[in-house]
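Think of it as A, B and C in the order they're written, each chain with its own count starting at 1.
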Amino acid sequence: MTLLIFLGCLLGGMAIGMPIAYALIMSGIGLMVYLDFFDAQIVAQNLLNGADSFPLMAVPFFMLAGEVMNTGGLSRRIVNLSVAAVGHVRGGLGYVAILAAAVLASLSGSAAADAAALSAILVPMMVRAGHGPGRSAGLIASAGISALIIPPSIGFILLGVVGNISITRLFIAGIVPGILMCGVLALTWMLVARHDRVEPLPRAPRGAVLAEARAGIWALMLPVIILVGLRMGVFTPTEAGVVAAVYALFVSMVIYRELKPADLYPVFLGAAKTTAMVMFLVAAAMVSSWMVTIAGLTDQIAALTAPFAHDPRLLMLVVVALVLVVGCAMDMVPIILILFPVLLPGVKAAGIDPVYFSVVFMIATAVGLLTPPVGSVLNVVAGVSRVPLTRVIGGIWPFILAQLLVLALLILFPAIVIVPAGFISGQ
Amino acid sequence: MTTLFQLYLRLLKGFIVFCLAGMVVLVFGNVVLRYAFNSGLTMSEEFSRWLFVWMTFVGAIVVLHENGHLGLDFIVNALPRPLRRLCLVLAHGLMVYATWLVLAGSWVLVSVNRNSYAPATGLPMSLLFGVGLVFGLSTAAILLWRIWLILTGRLDRITIVDEEAAALHQAGVK
Amino acid sequence: DVIKFSYPVAEDSTMGQTVNKFAELVEAKTGGAVTVKAFPSAQLGNEIQSISAAQGGIVEAAVTTTAGLAAMVPEFDMFNAPFTFDSYAQLDAVTRSAVGNDILAKLEPNNIVGLCYWDYGFRNITNNKRPVKTLEDVSGLRVRTIQNAVYIDSLQAMGMNPTPLPFPETFTALETGAIDGNEIANDVTRAGSFFEVQKYLTETRHFTTLSVMYVSKKLWDGLEPAEQTAVREACLETSEFNRQIINDGAQGTLDFLAEKGMQIDEIAPEELARFRTAVAPVVEKINARFDPAFVQAFQAEVEANKGN
């Protein structure tokens, strides 16, 4: 019954047009009424304390870094360097997109922003070279979600805080699966684009490649600084975020001189507003999760997963399927906040490594950003490249299949995540 | 009245920019102090967290006003107009109720904490929880105004504008 | 009545066992009229959040360190002063004295009723750099601590570089070397697996992790006088149990940590005197904030129970 009240208020609230954050608060209020334990302080205290977290401050810092990179010319230089390096290969612009996405992914925290920056430059180029617009936009959208797997990642920060898992470990565990996703995408691109009649770009002269490399090296240093800094213990994930933001500000204002002091206000405002949206949702989720704890709902949900607990692979399969279905209609942050904490206890009880589970959960959630009707990366790419949504959907399905293949591989062979993560973190 | 509210919103936007800038300065400053001078500001962790809380809830007012909170607008927007208006009034009524609880609860927190001070900065804890009052009053005003617009037939659809829009804007798409 | 009891650590810790013992005693002493439902691991909020929650009455009971409560009743900092207590017996005598109860009573105007003191145990220094045997050895160590001015000032006075860090971030910070050490009770070094990432432990016993068990005024005022007495007695009786399991487990924990590869050191008495001298200005600064008569009464209790 408590489960029904919780879900009824949540889904009912969303259905009549409430923002998800308010629907979460309503589900908390619903449980308060049902349990006859009504107190306004429960709502206010959990809401206000929900945002009071030092680890979560990494969210605004990486958001800010992403905004600065896109407005300050760092993202564009990464794309230019990739074009100069592999643009002359047959179907090369597709590989450019994947390569650039992989590097950008490791810089900014937001998949939507990365996909926007990539598609603004690359989709017109790819269409001019002779690739189908839907397929081009689809490739970029699916390459863009690697932003959430290759560190840093807003998603991993939230998972770490919600599940009480080390964010540094999650970042390190994301490297290999993220690169694997890019590799499988490249193979898929090779298959689907082999019949396209394309004009590869002329091979860039060595001097031009070097020039682009010199310009891009500043941008390329950023992931190195972040990953080495985290791995060597120079700073915590929150500090890594602020270092990334300050470094991006320095490069775009002092080295590239593309970001003027007058641009700072809108850049900071953009990052502050996106953060407020994410954090208000986090805070609202604290209200419902407090009541969920009081009501003992987590035990009920863990009991629901118990029938699968004897077979960890089967449990992972069920969980991934659930996330993919919910991911069609819900965005990344609410999925993490609502599903992850209720699924984690059951998963742990089945003996599954929480870091491994987080990586797989993150990939499944990221695929949700590509699936209609609610797929923010899909919509952003369609909007930026001005390709109708239906055509992007028509072009994206082979790449979604490829990502599902990666998920299947990770479920079948957990060692793909666990072994390299342990190796890189020195355990 | 509307211009006054626009002015208020501009003030709020300026405030959240100040909070974010302050967080950058405090946290980055602490990294520099730790490595360059082998010391650190103990108040930095605490005060930057407070700026973060203020930024979240003051920013949430701005985001509500700009329809930026995530939601499933495609469901309600697919309904016929009379039903859609009914849903919107109901949704906003419940949101006002939730806001009322935030206000009442924040008031309790502000009053029970009037003797408590933050360990590092020594600032009164009521100041931290006071942002709940600012958030509650401001969002209540926005929501009640919307209910009025819906009831008088001047508003019958809410389309969410979220980080997608921000990303599109950044890429230069109007 | 049901008491929702919020505490920040895992159920299998000494504090978890203590809370479970309290639940048992309350139920027995009230004939089941009052029951306790415990929420471990900060499920209902961390230490500081639990204070507000109990003040407003959305949880009925919690246990919070005197370091956390000092923001509300600064007199608790007298217990937090470094190197104040040599032994648990001395500490317990002071907490059960009149002055100990006077400090507890100062909580009541804030809508919570302090019932008695429980403990997590003495805090010791662990680190990854070098064995600590002298004052010079701690100099320059970057050590994680909590957000409390007395803690920070004291560690600084000993020459350390205190870094207030949220508990969940501590393990990774130690693992990656962002900080060198930690100052915490041995039980926590064991329960939090810090021995995996720390090499040296020195029994400095520089602070206690003394805590107060309190209930919301809302609950208290709703209890019959007999029930109030029963609950208070249950708290005090539990405090003996709490001390007993800390004492019983101490050697086992040390053996466990040594077996896991930690090197365990002591501070020689004459060296300890140098530590005390180093922190003397901090202790003076703490005491200067309070009524001198009150400070004297506290000091007298401390002195009277020396060598217990």
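To be clear about the criterion, a contact is a pair of C-beta atoms (placed from the backbone, for glycine too) under 8 Å apart; a residue touches a chain by one contact, two chains touch by 3 or more.
From a predicted model like this one, the values you see are computed outputs, not experimental measurements.
The count of contacting C-beta pairs peaks for the chain pair A-B. The greatest centre-to-centre distance from chain A, using averaged C-alpha positions, is reached by C.
Chain B has its Cα centroid 23 Å from the Cα centroid of chain A.
Spacing of chain B relative to chain C, judged by their CA centroids, is 37 angstrom. Rounded to whole angstrom units, the spacing between the C-alpha centres of chain A and chain C is 40. Residue numbers of chain C whose C-beta contacts span two or more other chains: 52, 56, 165. In chain B, the residues touching two or more other chains are 45, 105, 108-109. Listed for chain A are residues 39, 41-42, 45, 53-54, 234-235, each touching two or more other chains.
Partner chain B is touched in their complex by these residues of chain C: 51-52, 55-56, 70-72, 109-111, 140, 142, 147-149, 152, 161-165. Remark: chain A residues 39, 41-42, 45-46, 49, 53-55, 164, 166-169, 230-236, 290, 293-294 touch chain C in the complex.
Of all the residues in chain C, the ones that touch chain A in their complex are 4, 39, 43-45, 49, 52-53, 56-58, 165-166, 168-169, 171-173, 175-178. Contacts from chain B toward chain C in the complex involve residues 34, 38-40, 42, 45-46, 105, 108-109, 112-113, 115-120, 125. Note for the complex: chain B touches chain A at residues 13, 16-17, 19-21, 23-24, 27-28, 30-31, 35, 45, 48-49, 52-53, 55-60, 62-64, 66, 68-77, 84, 87-88, 90-91, 94-95, 97-98, 100-106, 108-109, 128-129, 131-132, 158, 160, 162-164, 166-173.
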